[in-house]
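Order as written gives the chain letters A, B, C and D; numbering starts at 1 within each chain.
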Amino acid sequence: MARIAVQREAFDLAAETRALTAGRVDVGGVASFIGICRADDGLLAMTLEHYPGMTERAIAAIAAEAERRWPLSGCTVIHRYGRLLPGEPIVLVLTASRHRNAALEACAFLIDWLKTRAPFWKSEEFADGTTRWVEARAEDDAATARWGS
Amino acid sequence: MARIAVQREAFDLAAETRALTAGRVDVGGVASFIGICRADDGLLAMTLEHYPGMTERAIAAIAAEAERRWPLSGCTVIHRYGRLLPGEPIVLVLTASRHRNAALEACAFLIDWLKTRAPFWKSEEFADGTTRWVEARAEDDAATARWGS
Amino acid sequence: MRVLYFAWVRQKVGLAEEEVSPPPEVRDVASLMRWLAARSPGHAEAFANPAQIRAAVNQEFAGHAAAVAPGDEVAFFPPVTGG
Amino acid sequence: MRVLYFAWVRQKVGLAEEEVSPPPEVRDVASLMRWLAARSPGHAEAFANPAQIRAAVNQEFAGHAAAVAPGDEVAFFPPVTGG
């Protein structure tokens, strides 16, 4: 059963990692990915909007799919929303397994699917005062497609 | 230039992650993998022996290969040696990049190559008093081979 | 029926959500979009190009042919950009 | 020439390292293993199956055909199991 959180606050990587492994001696590897806000093209800030209720369900479904595909001993997904500055973390994916490949592959799978299957939208603010909605990218669809459906 | 450490002590995941991203606004993702000692088959402890001097060179060469293959903004490999108990972390690989795929793939590459190209040997102690050297596994060679040479 | 809007769909409509009672012939997502488009200039602009709009019915992603019924929660938004 | 042993090679030889002065005809890793095998029963046991042994010359992995020379640091060990 994955731990899912959708929150404004930052997350604690070390604490989340400990929670996946504390008291266990059957975990051989923990993989993680942190997505971070970049300051491309004079970006000042990014605001993430989401669909409360559906977001948690969608992420739980994605995590359940990862747990169906790989023998995970634990899985954590924390996705932030609200206004974030360059350098701030946006999303954390953590996977634990007996075997390194299961943890690494499930981690890559989760972040690819979150990109295209979790109901978040990003609005970017730039130094020149303009704002724009981030458009979905064909390469993210391709990254999702490589895992099959 | 990667940060390489070969040490007896545990490592600090959060501090190492911060070191890769502090003051930067061009990092879009940080991937990590932590290998952990499992208590399989009644294992009581594992002792890692290594080749001081060569170990650091070999890991630096592996990290340089990762930096040649992927556009990384940072890379950290910390490998422990000495006697470790079940549940204790053995190795940390951290990769940072503008793009998530570069970070995730380089992280998987590094741990695969460390398995077969870093001069470490593991001796296992079991509850029945026996000890044995861990043998190299054909599947680790296959995992290394998938990256080409 | 509760209708929710997100991202630029929300901005163009000018509302985050509204309660609507479409007529019985509105039975799927596509016909609901056409019916909503007539409610205001903002709605019309939001739904001007239905191919750009994604939907969810009762918090599950749904195609434009998916059925909708009184009591459903239906959401409209651009393609998602999570992660 | 400095010779280092690791893991079960070290245990069988009974030494972690030793200084040796092989004769001039010992020019590669394979002939060095044969020459070392004659030094003691422990050495003989360690090198009984050369196919199980990996080597490094001056801290770089080296095949059994790699050259060795006076002044080199040569290490012998089982296949590595890092990570």
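Methods note: a residue touches a chain if its C-beta (ideal position, glycine included) is under 8 Å from a C-beta of that chain, and two chains touch if they have at least 3 such contacts.
Note that the structure is a prediction, hence the values are computed from the model and not measured.
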Required steps from chain B to chain D (each step between touching chains, minimum): 1
Whole-Å gap between the CA centroids of chain A and chain D: 49
Chain centre separation (chain A, chain C; CA means) in Å: 26
Intercentroid distance (Cα basis), chain D paired with chain C, Å: 73
Of all residues in chain B, the ones touching two or more other chains: 35, 100, 111
Shared interface positions of chain D, touching two or more other chains: 83
Pairs of chains satisfying the touch condition: A-B, A-C, B-D
Sites on chain A touched by chain B in the complex: 12-14, 17, 21, 23-40, 86-87, 98, 100-101, 103-104, 107-108, 111, 143
Contacting residues of chain D [partner chain B, same complex]: 4, 6-8, 10, 56, 59-61, 75, 77-83
Chain D partner contacts - residues on chain B that touch it in the complex: 35, 49, 51, 53-54, 57-58, 79, 90-91, 111-112, 114-123, 133-137, 140
